[in-house]
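A single structure is presented below for examination.
So that you can tell them apart, the chains are marked A, B and C in the order they are listed, and the count of residues begins at 1 in each.
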Amino acid sequence: MSMDRRQFLKIAGLSTIGIGAGWILSRPGEFLEASQFLQTKEFLKAKQWAMVVDMRKFKTEEDYKKVIDACHKIHNVPDFGNPKDEIKWIWSDTFEHAFPGQESEFMPEQMKHKPFVLLCNHCENPPCVRVCPTKATFKRKDGITMQDPHRCIGCRYCMAACPFGARSFNYRDPKPAIKEPNPEYPTRMIGVVEKCTFCEERLAKGQMPACVEASNGALAFGDISDPNSEVRKILNANYTIRRKAELGTRPSVYYILDIPTSVVSGGESNA
Amino acid sequence: MYDGGKILIGIIIFVLFVTFPFYNNAGKVSAKPEPKLDTPVIQQLAEKKCVEPKEFMKAEHMQLLDDWRDSAIREGKRVYINSEGKEFRISLQNTCMNCHSNKKEFCDKCHNYVAVKPYCWTCHIEPKEKQL
Amino acid sequence: MLEKALVGSKRYWTWIFFLLGVVGIGFITYLQQFKLGLGITGLSRDVSWGLYIGQFTFLVGVAASAVMLVIPYYLHDFKKFSKIVILGEFLAVSAVTMCILFIFVDMGQPMRIMNVMLHPTPNSVMFWDSVVLGGYLGLNIIIGWATLHADKKGTMPAAWVKPLIYLSIPWAVSIHTVTAFLYAGLPGRHFWLSAIMAARFLASAFAGGPALLIILALIVRKFTKFDPGKEAIQAIGKIVTYAMIANVFFLLLEIFTAAYSTIPGHTHPFKYLYFGLEGHARLVPLMWTSSILAIVSLVLLIFPAIRRNESMLALACISLFVSLWIDKGFGLIIGGFVPNMFEKVTEYWPTLPETIITISVWAVGFLVLTILYKVAVSVREETAGVELEH
């Protein structure tokens, strides 16, 4: 059989690729037979975790601070000292910024200035998950919009997609900016996105999220798909609003507004 | 051949360049790495066993850690049942480094020898070396 | 044929080494960014995409514009384009190379770029963008090389090239449609949430890309023995004119929707870009420059008597290209982030390192373009006078 140089090179190339691929694919997997991966026994189960923020219970600056600090301290959230590089998982802002478009010039002054507690809404239909090219952010079965910092390539598409500004990017190395690292939890690295994870590592130990625990009842947390959960009972008894609900992302963080007593005629407050 | 002189000089330079690591390190002897296991936590263990047998861990700890991190973060499963049925909490900082709290005398010994820089520590917090 | 890029005049080599110098400076600056993080750019928590992504978006358009030569020549037998289709295809290669580089320098963890391929995510537009851009790059390299090589040998290209050429036509449209989809499907950002984004992108691509091609053709004619042809250049000029009319029209449509509906989510970004918002007006001079240059280019292009004058045409193309570069390569991106999701204004301006890295990526693009054009022009010079069939 005679072949010319071109044919020979083509066949040689294809054979090399074939043999190489075959060798790689045929390497035996190195798994021990008996090992398994399980959830912790205390793992709190839910179909969709949700939170209700009762604004009536946030009164002093300390109320906000303790909730924010609880989260940022245990999760090693860095403080770079400037708004450009800022990383925040939970923070506060006023009504017109938390609910843009819903404010009115003539609403009660107290409501205008009172800060709201803001965090990732763990939407049921999250646009951030839809756009992530690597599934570094993904929806868990319990409804948490989770973040995998190992896989994140730092493209920041999720930050463009989030309508709520809930995500932060590590524009610098975070480690030097963490004052008192918590040795039981990792930090993140430069060049990845991070955000609130509804304290999934605490839920795995049977504990409530840190902000909920520190809030002294101001934050309620539970499974919104369970009609007997605390959050469902609260939602059934109180009027709540969500941020930008008209966008269809189905946020899971609900707010009970603190409506001033003097506004309601008849002297009955909504407290 | 055409430009034979230039080609030969180029080949000689290339060979010198590519064999540099060998003749540069000739004669230098690097001691075999001996990772130390004498941490307070290990000394207090009744049974001095790691998550899996030593030979397995030596060869496969990288794969194990990779499986662990996907299990914990992506699947929310933080319990590992090893080949002997014993339970471990999946956590680099709180399980592995709890026993092996001497990163410099343990992890770094082999990693430095083979010039490997695992990037775990860009995020995960190194244990504070406990005084013995 | 690549060896043709290794022989050249003193001027050629000076240009190559100048570009290499710029690339070198950029590379060192990028190493700084790799070490210290994207914090050395002007990006912030509120404005998380900036110059790099803007340049990427603009250059996808330039890459797609090759189709404006391919369609007339291969689908409609417009023989005047026979000699210059290759310039369009090679421009596409250079542009996509720059796109990929801009994405790379914008990533926080560029070493993990393979994750996009290792964990394919069909619901992510960005995944598809990487697929179509990679495919388009491959298509243009293969098609360009095969047809040029056939020209050199004086034969028809192999039979498998034709189907690839036909494939490249919808593929070119797809790369810019998918890039527009990056923006047009994000629920929170009303500046981008418009069905006409893809149409705008394509119109500005088919104006800006061929405009650059005209300038490059004139440069090639000036510095080499290859003349792309006055009629070919005029034909491209007509394409640029109609595409630019469409592009400006589409922009005015967007402005109408925003201004007439007066919905704040729609009006505020336009206000910020063209008039300033809450005292922040950094981009206003830039955006008005873009608008004025657009009008200037249209005036020069619409009147055939002016357009037929090649110096005027060159001026029009430069004006158009700069106008679109500002609008699509900068204004469009920043407008989506200002005001932020809390209706607050955080401004953005590129830093010096960011600018240096951007310029050096352009230098890489010009380097690729110079080398490929050198090859193409050398082949054309060799085969001058021979009828091309492909």
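As a convention for this text, contacts are C-beta pairs under 8 Å (C-beta built on N, C-alpha and C of every residue); 3 or more make two chains touch, one makes a residue touch a chain.
Please read these numbers as outputs of a predicted model, since none were measured by experiment.
Using the average of C-alpha coordinates as each chain's centre, B ends up farthest from chain C.
Chains A-C form the pair with the most C-beta pairs in contact.
Note: centroid distance chain A to chain C, computed from Cα atoms, is 36 Å. One simple way to say how far apart two chains are is to compare their mean CA positions; for chain A and chain B this gives 32 Å.
Each chain gets a centre from the mean of its Cα atoms; for chain B and chain C, those two points are 45 Å apart. In chain C, no position touches at least two other chains. Chain A has residues 189-190 in contact with two or more other chains.
In the complex of the two chains, the chain B residues touching chain A come out as 52, 56, 60, 63, 67, 69, 71, 73-85, 89-90, 92-94, 119, 122-125, 127-128. Interface residues of chain C facing chain A in the complex, by the touch rule stated above, are 36-39, 43-46, 48-49, 103, 106-110, 112-113, 115-116, 119, 121, 123-127, 130, 182, 186-189, 264-265, 336-337, 340-344, 346.
Residues 83-87, 93, 96-98, 100-101, 127, 130-136, 151-157, 159-165, 168-173, 189-193, 244, 247-249 of chain A are the ones touching chain C in the complex. Those residues of chain A whose C-beta lies close enough to touch chain B in the complex are 30, 32-41, 43, 76, 138, 140, 142, 146, 148-150, 175, 181-190, 200-201, 204.
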